[in-house]
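Going by the order they are written in, the chains are A, B, C, D, E and F; count residues from 1 in each one.
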Amino acid sequence: MRVDGRKLDELRDIDFTTNFIKYPEGSVLIEWGGTKVLTNVTIEESVPHFLRGQNEGWITAEYAMLPRSTQDRNIRESRKGHLSGRTMEIQRLIGRSLRGVIDRKNIGERTLWVDCDVLQANGGTRVASITSSFVAAYIALNKFTKKGKIDNLPIDKFLAAVSVGIVDGKPMLDLCYEEDYKADVDMNVVMTGNGDIIEIQGTAENEPFNRKELDKLLDLAETGIEKIVKMQREIIFSYEDK
Amino acid sequence: MRVDGRKLDELRDIDFTTNFIKYPEGSVLIEWGGTKVLTNVTIEESVPHFLRGQNEGWITAEYAMLPRSTQDRNIRESRKGHLSGRTMEIQRLIGRSLRGVIDRKNIGERTLWVDCDVLQANGGTRVASITSSFVAAYIALNKFTKKGKIDNLPIDKFLAAVSVGIVDGKPMLDLCYEEDYKADVDMNVVMTGNGDIIEIQGTAENEPFNRKELDKLLDLAETGIEKIVKMQREIIFSYEDK
Amino acid sequence: MRVDGRKLDELRDIDFTTNFIKYPEGSVLIEWGGTKVLTNVTIEESVPHFLRGQNEGWITAEYAMLPRSTQDRNIRESRKGHLSGRTMEIQRLIGRSLRGVIDRKNIGERTLWVDCDVLQANGGTRVASITSSFVAAYIALNKFTKKGKIDNLPIDKFLAAVSVGIVDGKPMLDLCYEEDYKADVDMNVVMTGNGDIIEIQGTAENEPFNRKELDKLLDLAETGIEKIVKMQREIIFSYEDK
Amino acid sequence: MRVDGRKLDELRDIDFTTNFIKYPEGSVLIEWGGTKVLTNVTIEESVPHFLRGQNEGWITAEYAMLPRSTQDRNIRESRKGHLSGRTMEIQRLIGRSLRGVIDRKNIGERTLWVDCDVLQANGGTRVASITSSFVAAYIALNKFTKKGKIDNLPIDKFLAAVSVGIVDGKPMLDLCYEEDYKADVDMNVVMTGNGDIIEIQGTAENEPFNRKELDKLLDLAETGIEKIVKMQREIIFSYEDK
Amino acid sequence: MRVDGRKLDELRDIDFTTNFIKYPEGSVLIEWGGTKVLTNVTIEESVPHFLRGQNEGWITAEYAMLPRSTQDRNIRESRKGHLSGRTMEIQRLIGRSLRGVIDRKNIGERTLWVDCDVLQANGGTRVASITSSFVAAYIALNKFTKKGKIDNLPIDKFLAAVSVGIVDGKPMLDLCYEEDYKADVDMNVVMTGNGDIIEIQGTAENEPFNRKELDKLLDLAETGIEKIVKMQREIIFSYEDK
Amino acid sequence: MRVDGRKLDELRDIDFTTNFIKYPEGSVLIEWGGTKVLTNVTIEESVPHFLRGQNEGWITAEYAMLPRSTQDRNIRESRKGHLSGRTMEIQRLIGRSLRGVIDRKNIGERTLWVDCDVLQANGGTRVASITSSFVAAYIALNKFTKKGKIDNLPIDKFLAAVSVGIVDGKPMLDLCYEEDYKADVDMNVVMTGNGDIIEIQGTAENEPFNRKELDKLLDLAETGIEKIVKMQREIIFSYEDK
């Protein structure tokens, strides 16, 4: 039915590899269909100027695509000398989403740097980044809590993201690149583990959409996020057991 | 009740001054509460490289704030040497919204440059920019249609935007700066004249929100946009009469 | 006789609107013929590094043109990533002129930021900027003096500027864009209220000029500046009465 | 004996994973001790300006480190807005080395983009980059030759690189990070499959070295490169069999 | 009387060394008191975009100071990544001055690049640059005329520049660094060989000046320029004889 | 035999002019065949951040070419807004070489800025820069030692550099531009006064080279450097006698 044979409400396969890189406090390679994002979380013992002396932490994200993560080669942003608007938009979204579920007042004067580097892109890199960032940040903060550097784990909600959209007139879950490319409506939804909304961004690429269609899309998103959070839970708990 | 005495579903005063600047094809100064945005639309007889020879046009927006449009003076982006993420996000949103209601295939190989310069900022600069951009673009394209440079006016829907949010637990319409600053949920909604959605961007600044709250916010947005489109209609038709 | 019917020694109409923007310490919109410049003065409670601890202040100006302030659209300097030589020259001239009449030793460790943003350009933007900057700076410093933050008003001379030039062999006062464009000699003169020179910049665009022609041009400039200072005086005193 | 138990003339383990990324014409993940470099080769159907119409190709490399490829997090070069001298030096070296064994006159008007992205750094990232680049370029060019786009495989020599150095007075092969850090002499050698030199770069970090020591270091390099070329040969031939 | 024993209307020693660098079409090292500027003129067989096909040439100047041309070391502009306002102002002035005496319609579609590099700075670098630029440009254009590439020498006036100023209340000619540093009024005058004005730039650094003082300064400038043009004439004619 | 009549092991003429510029602590103009490099050494009373409080100094170099130091005019790096890879490579090499013979622990918390500006380029600008830098640094540090600011001269070895290469199959010493341009192998060697190696950088431009050829090139380099050090010794001792 769909270009890759999935049902309208079916997710692509999602895999998490923890500790892919050995130096970061939290490191997760997420493989979500044909999309691969390496997410590394660093906990730095300082905060930006504007927060010094206020006894709270900071969480910020950087997102980048390797030049050949896509069909055609892209010019590196370091060669252009500036970040594209798309990159800025995505990294601001990742940072905002994490700040929505991590209690910055409870991590001390520390900065969480979340680096999302897309190795291979096939649709949904921003939702894959948010979803793996949560796992990597959880691992990093849990380590610090166990070592006693942080009193209590400053996370009490799960966080995941998924894309939904209207393609050929049909609302569907988790768009791959080919679907994303021709979607009439494209929406990214970031939710907590119990289905509350952290962020919703929906765009009519070709045709405006109505409230009823919006509702249908949010239903699909909820279903997807529920399944993703389940996987996150498993990977986090199996990690802790080790 | 609200900080400036408005009811929860009440808009601030909105005024449009057309032809504020004499050179552009369309020029509108919008004054929306304490927010003033000068919007100039230029029609250029060329398109970017990637569209040449395809017999369609391009629509792009640039947004900037004067250094002293705010309480404290901001550094000019021309002195920093780069645009902030916020600026990029907003100008991408303005461009996308206009492309949602203007038929690019029907404007020839031309570029619509939409310049939104915030002279004074008091909340809602992005929705004011979208709302006035539509009026300035309408005026500019209408001129070109009347002169016969364009066959038919390539606009068949109105476009307006408004902010809504949850402040102190209460959903409300059209946040001023003081409300925006402390909002738990902040949402910008871009709609057509008949209430379909072009873009929706909602963020939980402090607390996640649920589907029911989302519905309430969209109801408020619909009410507001209906009134704003009415004002746009008046200003456009009185302009045409002249 | 001249392109807009003026006599050789006649100024264009000049209007000052104070408080055009509500946040700055001094805000003046000057409309000088077809030229409109918004001038905002900010008083900041700090000085640059090189002046710290020396108990004197700093005065600096920034000048910019909105993209569609001109016949054809200009690229924003923030998008080019650097300032043009023309912009730098003009803002250095504005700053130097103000430093010539404001006593920096008497304003404490504060910085006067003078922002001149050209909304519409029709010749003489730099002299309009200097002329309105003086009014805006006067208003700002007068407020600080009345509040007791500054002991005595650190200004004891008026300051204004005007352009003169030789067009079609005729020396004339206050060039509009069409005259400026074809001038053989173009000169900007900055003077105090009693006719002393603060800055003189004269350029032979096509033909060298002699000492006698220079004298004629300076006579015209003196006449013009005398009238302009009268207008500044009125606007400042009517402002103080309020 | 050495920090990781190796003998003075012993290489660390080296692994090549081909097709790690699916889009590039050649993709190799090299894991060399604790160093991991993802190398993607793109063949683009165009050449830079200065080569157009000359019927020859171009080969160029870009090198970058992920922010958390190292013990401490590095700032991205895209955020700094420029490349460091070290980055430039390394990517120029990679490009020059490949141009030494690939016949540019025999690849048509095409550009080989070689992207080396360091995922994890533990000494020797530049020699790992050169070594894996050769494999990825071989795979890419071989594909094009088989498809008939290129007449004959434009490679007739193997290419590999290795580091050698003097640490605690002892010449040794293949420095890991801890050895590199305290080396008195640090040398990178790039050789062909039959032991001829393509590039030699040796630096006395603390103590000058003499001709005899240089000879000893080159002997070690030759031994190492012989073994590395053997591995390259295996990976390339097993790839071709597939 | 003056800091270096000169009379008020006395120039410092001025020396011109032609052919200091062998590659440029015109090369002059000017030594003017303690100021040394290397001026190289390049004639390039092309013009900028905006002049193509109009059968006229372009003249442009670039000015720079070596980091240690001054008492204290300056940061290179190539390391800052942008030009200072002062640099831009000076190079625009040099270009404008030369365009005032060279007939661009008579040099074909060529660009004159004038490079002024200050090796040692001791006051008056901009007037030294203009004065030596004229000699170097004359040599370069004369060569092209003799070779028949240009029909007639496109120069019919000499060009020189000098600084004047008011120091300790006294008008004086040709300020050295120590005088420039404490001048109340600082003026640069660019004149043709017969005493007509090409450019005049005067600034009141501390005290405004009146018309009478301006006249006295222009008298001094005329005297100085007459002497300088005499030296230029000698160096140019002795060069031609060779 | 060679393009300029030299024997295979013959150096071009080398001249050192000390005190070419009067402000720097050490200033040397080196003329090496047709290559002219102005080298100025500044001793600054501070160190970069990363060295503060560690009681050691820093040595860093900057290299640049004047636009018309070459046959065709080059664009200034200050206009491009960034340094080329070649520039970075060369200035890193100069700095590293000097750090190899100057004892940074013995110069106090000071920075040696070494500015190498190429006035005329005809091959070997990097080895000329290193060779003259050593002389200028010696002069500067010797002054500081004599003044008692530094206890003992922190230099106990001489430092010089020379290029060697294989051209038309023949190994030769000190390549001029025409030889360098067509060399098969190009090598720069930096040695101490007693023939130990500080840095060796050899590149096969067209053909790989073998160990025997490398040996021959190093023999040539040794011969050349011995002669150059002799000249350095003379210039330094004659300077000290003055």
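A few points about this structure:
Throughout what follows, contacts are C-beta pairs under 8 Å (C-beta built on N, C-alpha and C of every residue); 3 or more make two chains touch, one makes a residue touch a chain.
Predicted, not measured: the structure shown is a model, and the values here were computed from it.
Steps from subunit B to subunit F, minimised over paths through touching chains, total 3.
Subunit D maps onto subunit F through a rotation of 180 degrees [Cα fit, steps of 5, range 0 to 180]. Comparing the residue numbers each copy contributes, subunit C and subunit E share more than half of them at their mutual interface.
Chain centre most remote from that of subunit D: C (centre = mean of CA atoms).
Rounded to a whole number, the gap between the C-alpha centres of subunit C and subunit F is 51 angstrom. Note on chain placement: the centre of subunit C and the centre of subunit D lie 60 Å apart, centres being C-alpha means.
Touching two or more other chains at once are residues 81-83 of subunit E. Neighbouring chains touch in a ring; in the direction leading from subunit A to subunit B, they appear as A, B, C, E, F, D.
Within the complex formed with subunit B, the residues of subunit A that make contact are 82-86, 88-89, 91-92, 96, 100, 157, 191-192, 195-204, 208-211, 214, 218.
Looking at the complex, you find that subunit D touches subunit A at residues 20-24, 27, 34, 36, 38, 40, 42, 44, 62, 64, 66-71, 73, 76-83, 113, 115, 117, 119-120.
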